[in-house]
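Below: one structure, written as structure tokens.
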């Protein structure tokens, strides 16, 4: 384990950014999101959670796939190349790391249908995860078995009493460690961070949403069709305005749409995030298969809590990051859904 | 406010018990202080979960579009409206989105709304006033503005006083955060098109994402223009933006211009006023009036 | 590097069919020249000009957009240009507010008899837009061709 | 005495260019016979920027501010307000645009009689002593 | 997908000298949809049109772009040529490469590049064009004239003389309107009744004209060529068929305290009455508000004395529904009320009268049998003051809402007439006319005014009356200014005559709503074009006659009535109306039913209905707009005001214009 005083942390960032672009939670416009580090940037390492998840660095909101060029009446296709620029992300929380693990399932699990754009970024992006010391009131990662104090990633880091502790977890982590070793000091033993870990876990256990785990188990007791046809969906979805906020701040939502844009000198084919909450999601000639907001609303939660675990060995595609809880315009969110369908009345 | 909540529950209970309304649109309490959710209460027993306090933020008028249309044997739906939401209600009535006689509208006193961070919302700082419009009755009376009011147009004027380049940089910085989640649009009582041009592949301008910086500009300019003269300045767009974009500064620019160019106008206050962009005066000022007045803006 | 004075701005001119388009015809038959980069789009009335069209023009690389219609009071459809005037006043003010130089947008009333005015307006507008240079604040990067 | 015509136009709050020279003000004016410049000419002179000549006019002090002309004017020109604005210019050097009680004796004769119409004083207090 | 042929015209050397036409036709071949391109010396010539025909046959073209002169010049020519070749005429686009290109540019490379860009824009637009068919609707060959004054009568007579049926609806019991109340007419001083009553008789006797007096229009639906109108015939309580007009009923009627409307309240009339001797129909009507039978149930005298048993108390209002091809509004005017003009003492003194009251006092059939006397004491007036512009030409101000901002146009002339009549009747009298301006633009008008001053010795004084005081002893004191001599006058007068401003009849506002015809801020009907279409309303099939459109005198009214008739005849002479297919249409799946389009439509072409809309299987019942294609003129105002883009304009769709924008900005 290595350590560095927080007052010297700029030196660590400098080292890291020499390896590739370094992304960090940076404050801008009253918000914190992952952005390239520059000397003097307002880095926010104690904020839980960043307003946007780390998802966008690996699965950008829009991404060009191909360009169609027209010359006279001939059309040629120029595919976009896979990303191969190395980069590192510092300060990723345990929930967001889990989010990437969920995305890995979707984009990389099936070798026949590998998403090469995502793959390129995953292979070139190093994750330096940062353990949480004090969870927010909206945090409930524990419900999904995420340990906020022991994040996975290439490197795990803890901040305790103005000191950052650093521990490599993977080979890529080891390589990064070598790169930063000159500016860091050795730390023997883990006692310094152990107390902090326990405090964090205790805090999460005392957080308002700690009981969600129990509600969630009530879900498991029901079969899929019972959950699907629960009369509760009508009331739960009633308030949903059908925006994509929850989807776009979610670290695991992976749906995208493929669209063409005529630039006047050719056509760019790109993909962009889509949201199952949208009325034009999966729009076909026959319309949207889920015609009402109730169906669309239900889809999102059934997918995260039932269909996904069903397909991927019990892994939920919610990580308890809490972003949708604080961002939803009408405060309708997955926690309320888990409780209601799990048989717990709010309040 | 506790008292107001009790009065609301009492009234709602009476209306439900008597069968005069089939449901009551109100707020349901959540897990924290400020995560109350709009909900339809259909039984007097359920009303114990009704919440109303200084964190009750969402507006209910837009839900009337759907709720007031449901058959329910022709019964009305009851709705609680904050003062600023009554303008939205008026707007929806004037555009025939809601049938007045299917709604029992109850104004509820407001004392300002606080954010999750326990600060008074910008829209409340710049409160338009506490009077109610188009309501069948009012609970709790007209509230009082107990805080130092912010000039509604101070922000707009601040931007207007910048140079074009500064203005561009300002908006570039703000709008580049946009993730096109459409929260601003979908929460807006005026943006209640059955299908938005930006969702409609046939419109020729459909766009789902901020694929290019132009897209955010386009989306926000057109959205602001489409609600120009109709926007009641309820401030919901800015409140719900997950990226903290001060969208009200776009809407208020149009409101300020409308007031200055075509005469004072408050959308939703009256049911029969033609809105500024569906009416005209032969003496309207010519576009670009500002440049003539200021002299130096147009670079030529 | 291109010489700055050689910059020819792209200008989209929306002209109503009854007055301004006829005014442009008169400018043509009077052989009054104006820059070739002013290109006219015929619309039935200035009130047909949707803000979407104006933004579209800027997206696709226009450097300036001008709307021409009948003089107030002379609209073939009686009231169209009054609506157009209100819409343009608001939209152009908004574009200015967003930092798009106000010299890039204009409304001018040109009657069928004002060929001279049409040409003069286009020359003046083109000059103004040229002095502002290439429109970089509102265009769509994907639509740029020759630039890197 | 210098006088700024624009100031008069501003402080009168009226638009003298609206006058269509109908003469209804002069037809209604009870002080007409006491005036060297009757209301319509008074307005006309202000309109053409010749207010300076009015400063020494009799009309300035014979207008009783009865507002008959204001009431009757079909164009909203409000001649009495124009006259009052010129009066204000005439008086401003004496009290820095303000009328104070100590200024009143200036308008009183030896026997305490009012040298100007009483309505004028009342009117001036109302308008300038705020 | 449209198969497009592009034809580049040389226009002799007009285009070809500046534009490399070969380069244009070659370059445009690469544009999407273009299967054929060529150039030709004169496309508008027979040879050019033949080239289009043969290319259509050879290449199976479904669309044609002609790069030539302005579409204002030859669009119709090429549409016709395309139609002749079997291509839908609305699948033709013109690229204007002459007026907009070759004639204004000198540099050939520059002009050629621009011509190609313009051609590309035309191709881009044509790719999105859809074949259109001009709509046709049949025409109901009957006209409705609303208002039975001189304007309505003249229009009805002219239309009827052309052989078309005309119905006239008049709200009062008789036709004749304001002109029937006048004594003499300027500038000829012939008697109004002598020239009007023959026309009234003609109208009543005309086999093509049906008069509905004491009736009102209640409902209007439909559109140009096919209006359906509900006319409410109010109960007269007297059978028009049986009544002989003997007048016994009026004589015997015990209730005689109602003010005569016709005589401006200067006389009292009975509850059952004929407004005036020459009324048409010459049938009395029972004013139920003052009739004892209707108010108390006791009386019934008229029924008893009527020799022909025409009185029928049980009559009820009746609604008649008829079809019309055209509607003429001729609702006329009324003088404004003078209650608020306190300064003229109109409400206080009976001897202060309006000009219309003065007409009745002069008229031989009037309340004084033509003996001009003061209403208060019946004495002959010696000094009369006439005040012009009472309530006319008023702008905002303290008295803001008292009057009208416009010039009433007729007052100068009738005041001159009144002053002359006075001086003629009483040569020893004095007539004073106070004026702001004397406006006499009209044939023989100024001469008439000068005669009043020069021959009749009327005192014209430039100035205005500031106040009229009723001195109580039968004297009126008039305080006024004389601006020429810069003095104030005090006149002891016996009578004061006020030339009250005119305003549109109050019934016009409701009628405008029924007709969806627009009005200006003064409630005058607006014209379709203030200069070029002055007798048409912007609403197709609705025409304007007389004062309802703006102040005017009798000659102007009659002229306009004839003009409106000519427009009506022109419309009714057609068997079918061929419309413009480039009109707005509403995509119901997008429509929000917000009414914004309806508010901006100048033609009332948009209406709403609640219906079930099915969009890809999703059903929704809601209010949606629909466009009446016969009324829509294709301006496109609605398309921009519609936020959801439900409204689009055929031939100029949003996507088409954006395609053009894309093409020229490339």
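Going in written order, the chains are labelled A, B, C, D and E, and every chain counts its residues from 1.
By definition in this document, a contact is a pair of C-beta atoms (placed from the backbone, for glycine too) under 8 Å apart; a residue touches a chain by one contact, two chains touch by 3 or more.
None of these values were measured; they are calculated from a predicted model.
Note on connectivity: the fewest steps through touching chains from subunit A to subunit D is 2. Among the remaining chains, those touching subunit C as well as subunit E are A, B. A count of C-beta contacts for the chain pairs A-E and A-B puts A-B on top. Greatest Cα centroid separation from subunit E: this falls to A. Comparing the centres of all chains, each the average of its CA atoms, the largest separation from subunit B belongs to D.
In terms of their C-alpha centroids, the spacing between subunit A and subunit B amounts to 31 Å. Between subunit A and subunit C, the centres computed from C-alpha atoms are 46 Å apart. If each chain is reduced to the centroid of its CA atoms, subunit B and subunit C end up 34 Å from each other. Residue positions 261, 264-265 of subunit A are each in touch with at least two other chains. Annotation for subunit D: no residues touch two or more other chains.
In subunit E, the residues that touch at least two other chains are 600, 615, 641, 654, 658, 662, 665-666.
Contact between chains, as defined at the top, is found for A-B, A-C, A-E, B-C, B-E, C-E, D-E. Of all residues in subunit A, those touching subunit B in their complex are 28-31, 33, 51-52, 61-62, 137-138, 208-209, 235, 238-239, 241-245, 247-249, 257, 259, 261, 270, 272-275, 278-280, 283, 325-327, 329-333, 335-336, 345-347. Those residues of subunit C that touch subunit A in the complex are listed here as 60-61, 140, 142-143, 145. Residue ranges on subunit E touching subunit B, taken from their complex, read 587, 589-596, 599-600, 608, 615, 620-623, 641, 643-645, 654-655, 658. Of all residues in subunit B, only 28-32, 34-40, 49, 58, 62-63, 116, 173-174, 177, 179-183, 185-187, 195, 199-201, 208-211, 236, 239-240, 242-245 touch subunit A in the complex they form. Residues 30, 615-618, 662, 665-666 of subunit E are the ones that touch subunit A when the two sit in their complex.
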